[in-house]
Amino acid sequence: MVSRSTGTTTTRVIGIAAIAVLAWVVVSAFFITPADFQQGESVRIMYAHVPAAWIAYLAFITTGITSGISLARRHRTLGFDRVAGASAEVGVLFMGLALITGSLWGRLTWGTFWQWDPRLTTTLFLFVTYVGYLAVRNIDGDPHRRAKRSAILALLAVLEIPLVHFSVVLWRSLHQEASVLNPDGDVRLDDMMLFTLFSGVVGFTLVFVWMVIHRQRLATLRDLQQGVGLDAAIAARRNEGAAIAGGGQ
Amino acid sequence: MKQALVVARKDLLVEFRARLLLVRVIPFALLVLVLFAVALDSEPLILRAASGLVWLTMLFSTLLLVQRTYDVETQDAALEVLLTSAVEPVNVFFGKLFAAFVQLLVLSVLLVFGAIVLYGATVSGSNVVLLVTIVVSAAWGLASVGTLYGAVVANMNGRDSLLALLALPVLAPLLIGASRATEAAFGSQTIDTASGWAWVALLAVFAVVFSAAGAAAFGALMEPEA
Amino acid sequence: MQPVTTNDTAIRLNDAVVALGGFPALAGASVSVGRGELVALRGANGTGKSTLLRLCAGLVPLTRGSAQVFDVNLADDRASVRRHVGLLGHRNGLYDELTSRENVEFTARLVGAHTRDVEDALARLRIDSRVASTRTRALSAGQRRRTALASLVVRRAQLWLLDEPHAGLDAAARDELDVILLEATSSGATVLYTTHETDRPGRAVPRTLLLAGGVVASDSPRQS
């Protein structure tokens, strides 16, 4: 019997832990940690921005690795493909979050929403690349075929990102402009701030794991449901044949 | 290798007959060059942007060409016949790549001339070698990425917008590299010839990486949609 | 069904299921075809004939069951089967901008056949020099079909898979097609084709599989 829910004890524990850690982060970020002497209150965006960016990169590394495994394994299991897809979905979500919080923070500290510095630019291209990856994943078709195609796309993205990063670094280094305020370097972090940041990373990682497990199980259930539907469809199709052929074989 | 040439010859013959490059892509590209000039509306600004505009136009033209080359294969299911013709997929890839390369080469030479005529860009004699190397390596890079990602979307609905979404981010390093290198070849003050050659090295690496990736992945991508 | 040793078997399907977008186009087909056999597939529209051909061509994935073509397991490897297959699908697979001869020449160059073979194939399908040098987009449906058949002839595949090859041809071309298919089998190729043709008196009736509801409903042997 297939369970109707994608939750298990493990995911419940992870979920509750995530809520607990994030509640602490919220309290600490808003009330316990001090404001920055230069940036003032706006430094508090950091506690959401840095963990979100970290999760985004973690997600795309996960997608890259699981796609590689899925392509290398000859046999027709879709587990790694589902994890790759789930991780990319969550990664795009967090990268969107990182880009939004980052540009808000940028507006407050630099006075502009966007700076063409190498890290930001690479991140933006990474974001667009994985949006494209998800668009291709969403196209219906044979799941094995989709798994193969998606895995190839994910590995091509792994090739693409260093090239993008390298070319953007070279591009910026040749165009010397006013040096960009580096948000991480400029903030002097005390122990409490570091601990809050660390808690944020832990909390977001728990959320990431929780979401990927659920999305992955949902994809499995969807495939199972299709399989159940297929049995019924095969039976119906054979009956239709038997009626026409008057008894079949 | 021989099969790749047969495929390339076929693609070029189809193109020669249909004259798509001549009647649609080239006018489109030149029109874009003119429109950029109108939009920027300042001669020093246009001259400074010339190289970037040339390669941005090349990016969009590549999308047009690639869509066409796969339309030809899918409209009468010729791709299925190709797949079942004892042809190694890697030969189909290089054949199509080569045909696209030839067309993109023609187009980029025209656009560079367009920049010289319309934007007043200048090339000194010593920079001609640099410019030729840029055009050849960038056209090869464009052709390999186009042929590779064209194969990804070849059998899909809504493939035109999908191709742009997938291929344009990948082409970003090529756009940056070719624009900066061409800027150097046009004798800009902000970038010298030596850095121009550094960018050409990036273009060459890019072309090699995506040719190799395409050769490896093309077989798996060319599965027909059931 | 006669027992055949593995080496003589071209196609062996066992309970093969092919699901296309969740619909089982083949719903458990079982059949075994020997090398050099000529087999006609019959059945109403939508009974799975085309899907069976496309499965054997390695073009659609096997969802369940087992399928072997020339001892290659289609569940593991569909690509290597395609090397041996010559396919004539619903659509002709021609390039509109090329002439009839250029289309056939393209196939010939790919498989390394001679120019002479191209001329022979064109002549056999009664494609005269005027038609041969006309772009295929300007040809009639029957002429396009004959061009595609000429390509198939120069292809010299081991396994011929033809989806309604007779459709759209005139009586003379249909007769010639039957001769071509028989010749192919006598040179060792295996030929499967789908058809809605009614049997013509005085003709040998090949082995005929009747498909219904995505399965092979009956299998009648060859009658001379």
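Odds and ends about this structure:
Residue numbering begins at 1 within each chain, and the chains themselves are lettered A, B and C in the order written.
Please note the rule applied: a contact is a pair of C-beta atoms (placed from the backbone, for glycine too) under 8 Å apart; a residue touches a chain by one contact, two chains touch by 3 or more.
In this text the structure is predicted, and so the values were computed from the model without any measurement.
Counting hops only between chains that touch, subunit B reaches subunit C in a minimum of 1. Comparing the CA-atom centres of all chains against that of subunit C, the greatest distance is found for A. Among the chains in view, B has its Cα centre nearest the centre of the complete protein Cα set. Centroid to centroid, with C-alpha atoms defining each point, subunit B and subunit C lie 38 Å apart.
Subunit B has its Cα centroid 31 Å from the Cα centroid of subunit A.
If you average the CA atoms of subunit A and of subunit C, the two centres end up 47 Å from each other. Of all residues in subunit C, those that touch two or more other chains are 21, 61. Touching two or more other chains at once are residues 223, 226 of subunit B.
Residue numbers of subunit A whose C-beta contacts span two or more other chains: 141-142, 145.
For subunit A in complex with subunit C, the touching residues are 74, 76, 140-142, 144-145, 226, 229-230, 233-234, 237-245, 248-249.
Interface of subunit B with subunit A (complex): residues 148, 152-153, 156-157, 162, 165-166, 168-170, 172-173, 176-177, 180, 190-191, 195, 198-199, 202, 205-206, 209-210, 213, 217, 220-221, 223, 225-226.
Those residues of subunit C whose C-beta lies close enough to touch subunit A in the complex are 17, 19, 21-24, 27-28, 44, 47, 61, 63, 75-76, 210-218. Looking at the complex, you find that subunit B touches subunit C at residues 3, 6-7, 10, 13-14, 17-18, 72, 75-87, 89, 219, 223-224, 226. Of all residues in subunit C, those touching subunit B in their complex are 18, 20-21, 57-61, 78-79, 82-87, 89-98, 102, 106-107, 109-111, 135, 151, 155, 157.
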